[in-house]
Structures are given as C-alpha cells and as structure tokens.
Amino acid sequence: MRKDGRQENQTRSVSITTHYSKHAEGSVLIEVGDTKVICTATVEERVPPFMKGQGKGWVTAEYSMLPRATQVRNQRESAKGKLGGRTMEIQRLIGRALRSVVSLESLGERSITLDCDVIQADGGTRTTSITGAFVAMSMAIDTLVKEKKLSKYPITDFLGSVSVGVINEKACLDLNYDEDSKAKVDMNVVMTGQGKFVEVQGTGEDAPFSRSELDELLALAETGIQAMIREQETALGPEISARIRSASHATARV
Amino acid sequence: MRKDGRQENQTRSVSITTHYSKHAEGSVLIEVGDTKVICTATVEERVPPFMKGQGKGWVTAEYSMLPRATQVRNQRESAKGKLGGRTMEIQRLIGRALRSVVSLESLGERSITLDCDVIQADGGTRTTSITGAFVAMSMAIDTLVKEKKLSKYPITDFLGSVSVGVINEKACLDLNYDEDSKAKVDMNVVMTGQGKFVEVQGTGEDAPFSRSELDELLALAETGIQAMIREQETALGPEISARIRSASHATARV
Amino acid sequence: MRKDGRQENQTRSVSITTHYSKHAEGSVLIEVGDTKVICTATVEERVPPFMKGQGKGWVTAEYSMLPRATQVRNQRESAKGKLGGRTMEIQRLIGRALRSVVSLESLGERSITLDCDVIQADGGTRTTSITGAFVAMSMAIDTLVKEKKLSKYPITDFLGSVSVGVINEKACLDLNYDEDSKAKVDMNVVMTGQGKFVEVQGTGEDAPFSRSELDELLALAETGIQAMIREQETALGPEISARIRSASHATARV
Amino acid sequence: MRKDGRQENQTRSVSITTHYSKHAEGSVLIEVGDTKVICTATVEERVPPFMKGQGKGWVTAEYSMLPRATQVRNQRESAKGKLGGRTMEIQRLIGRALRSVVSLESLGERSITLDCDVIQADGGTRTTSITGAFVAMSMAIDTLVKEKKLSKYPITDFLGSVSVGVINEKACLDLNYDEDSKAKVDMNVVMTGQGKFVEVQGTGEDAPFSRSELDELLALAETGIQAMIREQETALGPEISARIRSASHATARV
Amino acid sequence: MRKDGRQENQTRSVSITTHYSKHAEGSVLIEVGDTKVICTATVEERVPPFMKGQGKGWVTAEYSMLPRATQVRNQRESAKGKLGGRTMEIQRLIGRALRSVVSLESLGERSITLDCDVIQADGGTRTTSITGAFVAMSMAIDTLVKEKKLSKYPITDFLGSVSVGVINEKACLDLNYDEDSKAKVDMNVVMTGQGKFVEVQGTGEDAPFSRSELDELLALAETGIQAMIREQETALGPEISARIRSASHATARV
Amino acid sequence: MRKDGRQENQTRSVSITTHYSKHAEGSVLIEVGDTKVICTATVEERVPPFMKGQGKGWVTAEYSMLPRATQVRNQRESAKGKLGGRTMEIQRLIGRALRSVVSLESLGERSITLDCDVIQADGGTRTTSITGAFVAMSMAIDTLVKEKKLSKYPITDFLGSVSVGVINEKACLDLNYDEDSKAKVDMNVVMTGQGKFVEVQGTGEDAPFSRSELDELLALAETGIQAMIREQETALGPEISARIRSASHATARV
C-alpha cells in the first residue's frame, strides 16, 4: 500500500467542476487529489498566420502555475521575461495531444486556445491539464454546435492522460508530488477513448528501465486513463458524451 | 437605482474564503460580485538586496490576471516577455498600500510577498486585491506569531479598498466592469481602519471633475471601505481581528 | 520657512524656453528650480492600431531620465532591456493628463507624441513634465493650425501640474528632492485652467493622512497650478494663449 | 524498400570524426546520412549554483541549428532574443539522456557542457546529437582520466539514440527529413549499451497508434541503437571503449 | 620571423571548400590557418520592409561563433537573449562590405543573406568571413544567372579582406589569435579587386599609431587581399571569375 | 564653397559649456554646428567584474539619442527592449578612444562612465561625443586630483575627433547631416594631441575609394582635430590644460 493509502493501480479522487469561469466558451476546475487546474477554452474566429487560408482550424494550449501553487514560491515567468523550458515542453504537449482528437478541417478557420493554470500543484499537473482541457474544449465546441457554426462535429474521440512511475521497484499509477520526486522512472501517457496511444513519454534519468518495466507501466496507464475518461463523461453529461462516443466509433470503423 | 439593482452607496456582495491554498502561509479567495482574486502570502526568511542589513522586513506584491479572466482573452505577459504598465502600476500600488499598515521593524529581516491572481474580472480588481491581500498577509503573520518568531506584532491597522466613480452625474460605490467603462471619473481609495487615507487616485481622463464631486466620492469610498473591513474581520476571526484592532487603537493614541 | 527660503505656499522659480529643439513640431526646456526637462512634441499623420478608422487622433507620452540626471547614476532602461514600473506609471500619467484637455475628434487621425526627457532631476519631474509637455503640445498644434490642417481647435483648456506634500506636519507646495524624500504624504495634482481636477494621486506610504490634511494639500496645489499656467501663457505668447482661453470658456459654458 | 533504397530496419550510413575542434576537451563531427552535427564537450571546474557544495558534478547540453542547416532559412534564436520551445525541449532531452550514464559523484565538482550544433539537417538531429555528444563527452572525460583528476571512472554505460516511425503502415528505422514529414507516428528512443531504456518519446499527433505498433517500433529502435553504439566504439578506439564496457558490466552485475 | 614561421608579409594557408552545405544557394567552408568559417548564402524573393517597392535588392549578413569556437567557451547569444556589441559590429561590417561590390538595382527585388558561422576561431574571423562570404554570394548569384532571373550581372568586382597589425614594432600581415592579443595596433581592411578601399578600420587602443605606421599597414593589407582574391578565383572557377573580372574592368573604365 | 558657406577645410562653429549638470563629477554641453550632445562623467569607486583585483581602473561610455533629436522621431531603445547595432558600435568606439589616453593603472580601482546623450543631431554625433566626453572626463579626473585620490595623473594626452568625407569628388571636413547623407566616402578619425591616430574608420559603401582620397581625408581630419583640441583647452582652462600638455610631452619623450 502507498503512503496515502492507495493501491498501486489506484488513481487519486477526481473532481471536474464545469462552467467554472463566467467569460470563457468552455471552462473547468479539475482536481486530481490536491492538484487543481483551471482549464478555459477560448474560441476565436481566426487562425495563426501559418494556418491561414487552408480552410482549417487550430487548437493550441498555454500552461502556467501560480507562483505559490508549489511548496516553495516560484518566480513568475512574466517577471523573468521568458518562458522556461519546462513550461514550453508542457504546453506543446497539451496542444499536440488535443489536436490528435480534433479534425481541424471540421473545426473550420477558427482557433481554440486552452489555458491551463495550475492553482495548486501536487504532481501530475501536465496530465491533469490534458484531462481537464479536453472537457473545456468539448464544452467550447458544444457552444459552436449550438450556434450551428459547424457542418461536421470535429471531435473524434475522448482523450485522457495520467502519469505512472516506478517507486521502490513497484509500478504505480497517478503519482503525487512526493512519489514523483522519489520515482526512478517517470512516464506520462496520453490515450484516446479507443485505447490508442497519443503520447508516451518515459524518462529514466536516475535509472534506465527494462522492457518489462515499460510494459507494466503502460498497462497501469491504460487503467488510469479509462478512469479519467469516465470522469470526463460524467462532467460533460450524456448528450455531449454520446456525441463523442459516436464519433469515436465512426473513426474506429474506418 | 443601478443596472444590477444596487443603490449608489451599496457595494456588491463580498465573500472571503480563507485557507484557499494548501501550500501558502496565508491565502484567500476573495469574491466581490463577479470579481474573483486568489491572494496568497509567502513568507521568506530573506529580504531584497536594497533592504539587507537594516534589521527590517519587506512587504511586496505581484498582480496578474489569467488570460481568460476577461471577456476577451488577453495575451499572457510571460509570453509577451514583459510586464505591462498597468500590471506594474497595480502591483506597486498593492505593495505600497500594505506596507502602510505594517511596521517593517517589527517584522524583522524577512519578506512577505502577496500574489494577487485574478481568476475572474468584473471591475475593481486592484481594490479587491488590496482587500484580499490584507487578509492573506494577516494570516501569514499569524503563523509567525504562533511560531513565536516576532517580538512585536507588526500590523498597525486594518486596510481596505474600494473604487468609486461618477456615472450619469451620480457618484457610485464599487463599480463593476460595465459601470467602470462608462464612468467619467474613476477613483480608487485605500483607507485604514482608523479612517485615514493611504492612497487616493482619481482620474478624470474623459472629463475633469470638480471639488464637490471629489468630496462626494471620498465620502462614498469611506462607507464602502468600512464594509470591506467588516468582511475582513469576519474572515480573520475574533482572535486575529482583536489583535489588529488593539494595535490600531495603540497607533491612534500616539 | 523652508531650507531654500521659500514659504510653504511658494513654488520654485520657473523658466520655460520654447523652440528648444530644431527638429520637433513643438519643444521646450522647462526648468522648475533645479529640475530640467526637455519636452518635445512630434506630430505624425497616423494613429496607433487600436485607434485606426475612428476618425480620431491620439496623444501619448514617453518619459525618461538621463542616467546622471540624479545624484547617483542610474542604469539606462535601454541597457536593462525594459522599462521600469516607475517610468511606465509616469508616462501613462502624462499621456492621460494631456488627453483630458484635447478633443481627439478635432485633432483628426493623427498622433502627437510628447517626449519628456529629464536632463536634471531635483523633485517634481513628473509634474514638471506635464506642465512643459502642455506647452510643447500647444506649439505643435499651432503648426497644424497654421498649416490649416484642423477644422476645429482641439485644445479645450490649459493644464498644469504640481506636487504637494506634508513635511514636518506642514503642507508644502512644489517639493524639491530633499523635501520629497522626507515628506510623509506625497501628492501629485493635475488641474485645468478652469480649476477642475484631472488627476489626484496622494500616497501616504509612511503615514496615512487625514481628511483635513488632504483638503489643505488640494488648496495648495490649486495655487501652484495657477502659477504654472501663468508661466505657460507667457511662454506660449498672447495669440496661442488667447485661443486656449477662449476654448476653455466655451467648454465651461457647456 | 524505401525511397533512398534502405530496408525498413536499416540506418543511414554513419560517420564520426573525432578531434574535430582544436580548442574543446572533446569534439566530433557526426554524420548520419545528410544530417551533420558538431558536438563539442567543454569541461569547467565549477558547477551551476543549484549544484554547489554537494561534491557532485553536472552534465548539460545546448542545441542549435545554423540558420541554413535546413531547406528554408530559419531566423537565428539570438536575433529573435529567445530560445524556441523545440530547442529547449531538445537540449533538455540531450542533457537528461547523458546524465543517465554518468555518475555525477564520480565526476566531482566540475561540469561538462555538450554543444550540439547542427550544420546540416536531414531528420534525426536530436538523436544524432545524443549519439555524437556521448562520444565527445567520453573524449573529454578521457582527458580528465589522463590528467588523473578522477578517482573513479564516471561513465557507467554506452548511450545511443535513433528515431523510428510508421510510414505507409510500415515501421521504419532512422527516418530522414522526407520520411519524418510523412510519418504518422514519430518516436525517439535513447538506450544504454545494456539495452535499457533511458527515454521513450512517441507521438501520434496525426494518428494515435496501437500497442502492437509501439512494440514493433521499440524493437526496431533497439537494433538501430546497437548499430550506433558500434560506431561509437570504433570512433572512441579500443582503450576508451573497453573502459566503458567494463563499467557497464560492473553496473549490470549490481 | 614570426612564432609560426611566417614572414611579416605572409598570410596563413588558405583553403576554400565550395558547395559545403546541401541546402544553401551558395556555401563555403573557408579556412585561414586555424580559423574556420562556414559561409552560406540564402536567396529569398523578397526584401526587408525599408527596401520595398524600390525595384532594388538587398544584401545582408549575420555572424556568430559556436560557443566552443574559442579557447574558453562563450555563452550563446541566443541563451543570453541578445546580440552582443561585437557581433552586431561585425555583421554590419560584413553586410556593408559586400553591398559595396553589388549593384542592388541589377539584383532586382530579392535579398541575399550571408550567414557566417565561425566553427573554429584563431584570429581574423571577421576578415575571413568577408572573404568567404564573397565566394558564397557569388555562387548564389550564379544560380540566379543560370535560372536566367537577372537581366544584368550584379557583382561589380572581387572583394577580399585581411587583418594587419603592429607587433613588437613590426607591421605584420594576417594576425592569428596569439598575435592579435599582443598587437598594439589592429587594423582590418576590405578592398576590391581593383585595389580600392571599402573599409579601413584601425584601432590603437593600447597605443596610438603614427602616419608612417598606418602607411606600412595599408601596404601590407593590399598584398594580403590580393592573395585572398587569388584564392577566391581558384575556388569560384574560371567561368564565374571571368565574369567578375569583366564586370570589374567595366566599372573601372567608368 | 559648401551649402552652409564653409570652405572644404573648415569645421562648424564649436561651443563647449562646462559644468552643465549639477550632479555629475564632470559634464559639458558640446555644440558643433546644430549637433548638441550632453556628456557627463560619473566616477564610481568600483570596477566591472572582469577588471576586479587588478589594481586598475576602467573607462567606458554609453551613447543615446533623444527620440526627437532627429528630423524623424526614432523609437526609444528602452521601449524596443534592446540596443541597436549602431548604438553599440558608437559607444564601444567612444570608450575605446578615451581609454587610449588614460593610464588605467594611474586611475586606480575606480571607473569613469561617460554618458553621451545627443539632444539634437545634425551629423557627426559620434565624433562630437568623443570630443565632448574627453572634456567631461578631464573635469571628473580633476575632482579626483583635488580630492588627492590619485598618486599619478592618469591622462596621457588630449583626444579629439572629427568626421571627414568625399562630397562631389571633394574631400570635406566636419560633415553635417545633409552632407553626410550625400557623401560617397565617410570617415571618422580620432587623434591625440601629439597627432597620433587612435581610430581610423573609413567606409565606402556607396563607392570604394582610392589611396589618394584616403590621404587627402586624413590630412583634413588632422586639421579639424587640432581645432577641436584648441576648443577643449579653452573649455578646460589653463590649469587642467597645462597638466594634460605636460603629460603629453612626457609620453612623447618615451
């Protein structure tokens, strides 16, 4: 058993509060254990310069932590005057992951920006951001559906993410900060509702890992991501969830 | 009567949730109408270079808005690579205001940083930040009191803030965003529990204002700030509030 | 009496040298005591992006100090790679103040940039900049008048500014650097020729101030600003001054 | 067969020229097909601030491309004034990967910086950089060995890297630029001489991938990395290679 | 005789490898002694904003050194976030020098960017860059000639550059790093094939120099530049060289 | 004769106002024709990091133009967030030139910073800055002499500078802006009181120049610099001038 009483294959408790922000087209407060992230989706009727004139949309993400989201206060990147490498890496990952389940053609020449702002951090902020951002994005796309701005539904599947890692030679699911800092292998996995991989990022900086460890971690991740997707369905409600499920099955048949 | 049903001399509803963040020494979520700000206080056992070796502490503030705190998404200042003039002006104001009710000598060589992060904006974000940051700071100082790190209590009085303005020739208290954008005069006032002015910032960019208008606005502000301070007392609880009241009376007698 | 022999209600000697720069549309060297500021006005037949297509003009300001304008040399903001908070605050104030006495509609789609460069600093650099920039702007607008580019005269009133403060419990007018660093309350006031307030910025960082102190300071400021406006009239000469006076009376009647 | 005549499981031709630079402690020009990277290793007798006083060393990397390493000229990041997200991501990866096969304790309080400068790019620049940087680092450490500055040999194993991807439903090894831009899955793998994973980074932005595809890619990557490590051995020569092999076996026994 | 065995009037050995880069329109690796610079020429069918609509082209240059091109590693300017003064000075010089032998009218509305990246530095990097960049530019223009994009040949003459300096009271040609750091006078000269001066930059920071020293240095520089131009002719081959010679004679007759 | 009535070998009128700034250790307003530069010298009892612990001092310079010093307003480099190449080139030149006539050993571990701020530009701003900065520096050193902080007088000679150029095939001295923009050759020369060269920077971007043109320009420059040095002597007064003359003779004898 783990320090916080969980089994190796157990996630922390998950809570997704929708309509968290009054102004955004889609927004959630997602809590996975003590990790809390506000995800908002902004729809804009324009695309970045490199996408212009292609009749396609764009989905991108930005990630930030409040200075005191962590145990020790971090200097703001706005005050430093530049984004750190970790921030860039994470926001590139979130955007890439979300685009894998959106048909940019069906979205049309508009963009959706997902802002993931960590208000409290306790491990797994990037995977929590992806899981929450998917819900915020789906809500924003629902407003476009209701405004009849889309001729084809652009979401192609659910998308969830968790971290896994090896602690004391045991593969564990959904690491909190304390576990994460002790893990010898650290892996973030992003997966679709159909169980296909979108991102697999495993790092063994402190100790390289074997193929069998990798296999064990990937299996755990799949379990965890399925749990996250069930939470997304609950949060989005039956109507939107059914639409995504249906699109997912259509994709799978192809 | 105003659009949202308030009288000219009425503030919006106020809510102060303390212990909002797990990691910070002091933290609140303050809501004034639809304006919501997370204020956290971080205590560090060091002072900035320009204060070193004087046996005195330092209190400073940083202010930021989430990109989609507003109706239209704003670009992050971290992505722009620099703080805007408005941000700098506001965080200088918050820091200056808080220092006016703290004895830096009694604080000792340590610093308190107040992070004010607006998660939803509907007018009055700077005054709401000041009112909330005072509570977060008082909580952080309370932890120092409990750890017996202070020989003398450093807070000298309560500190609250509201905005006032002239709309359709009427002086109004606590403007929301809609009112603020129509106001011909816009004034932010910061005041102590003893009713003394700490900051008076009135701007008549669209129309200069007369002395009698100024007098009317200052009277309204006083009413509003007294209401804010009552909310602070409730949030801080009887023990901390009594300590501040007592310090305030001691100061007044001097 | 004050250290430099002045009464509490006395400004320092003022000198405004017009046509100080050969290239600018309007320019002055303004000296208030030992504070010396070069103010130049540049007219450009374009407006910033956010003003385009509205048929209106724009007035803005930039403020800077030579590195050795002060007793101790300051690092250049160009070398630091960013503007400080104080600079931004001041240049926003100057621009806002000047716009309060200009009809942007009457100016037409062109912009006037006021550059206020402090070549020697001895207190009151922001208020001196405003007083001087008004003269430079009026000269630049006069060139537009002479070139018959304006269908309606855009200046609506005179505009002057002084600092006031409380030193040794006495309210004093037009503080020099030495006084400013000792003042417990520091206030900058901007006022029109009609005696209306454009900006009131009072700060009691070291000691909050009472309502009666505020009243006393505002009265002193009015006296000082009237003196500044008389200097502006002398510098601008009878023709331009008469045109502004006349516009001011027209505004007042409305 | 592939466009350039290779089998799916075949790497491009590899060439590693050692002692490429006169000044650096270790340096190579590594060529993998038309991708050419200069890797230099700089030893400095100091560590970054966050490592000070721990008696341990540090290994880090920087990555850059000459502006015309690519088909279309890229703007220099020095001229833009900031590093892009892709650059940061890659240099973080290179440093992390190399640290996984170095005992920082055995290195002592000194740092090794690996500069990976791509002078011609044709796919796989990050994996080529890792493979080349390992050789440059081993050469630099050899100079420390010869100067008898180390009490224990700090390298614990060989380290190689290749890219793999799925093109036209076929898993392929060592993609060139043309293949990379068409691949539906793109994976970079870093592995030790003992065949353990250090980094697994797979991305299916254009199409999520199944578990069986993942397995096939990992198997291909292993083949390719073994080939890269054989090239490293040849380049480093028998003496250094034997020392690394011996350290690797010692580690494996633990 | 000098440390490396050369006479005062002797350059180091020169090698110019053309077609060094696969992607660029023109490229060389130029080696002058141990100084090695990759020069690439990029042709783009557009001009910078300040040149638009004039029917003329533009030639510009960028200069950089790999961090470990020197004995001690230099921090990257991309990591510092800005170009240093030395870099700017050098790249301005290279661009200006090349433009002196190109008719921008004949080039048409397109630009050529010369990237000079020093991969190993041993003195004379700016003069070596100019000599090499001229060859790369000539190759790029040759591709335009072959594509029949030019109605008139735009190069007007050869262009070479060397450094000269006074060491131990002796004027010496083509200083290496060791000599350069001891030289009391340091001069860089750029000259055309016709023997006319394009740039003369002499600096006597450590010791002012007399007119006769200047004369002696200029004579040496002329000898060295003629040698550099012979190397350029060999590298460019008889066809391109003849075209430049012919343009040069045409210019001289005017 | 030239447009402004001068002979080819005639400088514009020169005026050097000393003690221009109240705070600086040395300061002048130098006017050469319509070019006006404020030069201030700041003495600080510290040296930059790279000079520490050598028992030697440092002399450096910074250069800037007010935005409207020119016919068209330039954006401030502080607002752009970086120094331009031209500014860096000029301030490096000024610093280097001044150091050539100062014994850093005799100065002791202190630094002198020369700020050259162009308040009006009409050609020759860099040469005017050098001529003016020499006077400001000499005044600042005089304060050190009077405070008996120096054991040996550190200035070794006078230092002046002028521009020369070829206009309509005629070599001309001290070009104004109008002439400068038409000149086919542009040369800046810095020379000591003993007539030795410190800097020779000639550029023939528009047309390469011959050896005889170079000789003619250098002769003109010498005449002009001697005139500038006579103005410096007048400005500095007999006492300081005699001290410099005497140091210059002592140097010459060596």
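General observations
Order as written gives the chain letters A, B, C, D, E and F; numbering starts at 1 within each chain.
By our rule, a residue touches a chain if its C-beta (ideal position, glycine included) is under 8 Å from a C-beta of that chain, and two chains touch if they have at least 3 such contacts.
What you see is a predicted model, and the numbers here were worked out from it, not measured in a lab.
The chains in contact with chain A as well as with chain E are D. Listed here as common contacts of chain B and chain C: no chain.
Chain centres here are C-alpha means, and the one lying farthest from chain C is D. Of all the chains, the one whose CA centre sits at the greatest distance from that of chain F is A. Of all residue numbers that take part in the contact between chain A and chain B, over half occur on both sides, making this a same-residue interface. In whole angstrom, the spacing between the mean C-alpha positions of chain A and chain C is 52. Our note on geometry: chain E versus chain F, Cα centroid distance of 29 Å, whole angstroms. Within chain B, the positions touching two or more other chains are listed as 81-83.
Contact ring, oriented from chain E toward chain F: the chain order is E, F, C, B, A, D. Against chain E, in their complex, chain D makes its touches with residues 21-24, 27, 34, 38, 40, 42, 44, 62, 64, 66-71, 73, 76-83, 87, 113, 115, 117, 119-120, 122. Those residues of chain B lying in contact with chain C across their complex are 82-86, 88-89, 91-92, 96, 99-100, 157, 187, 191-192, 194, 196-211, 214, 218.
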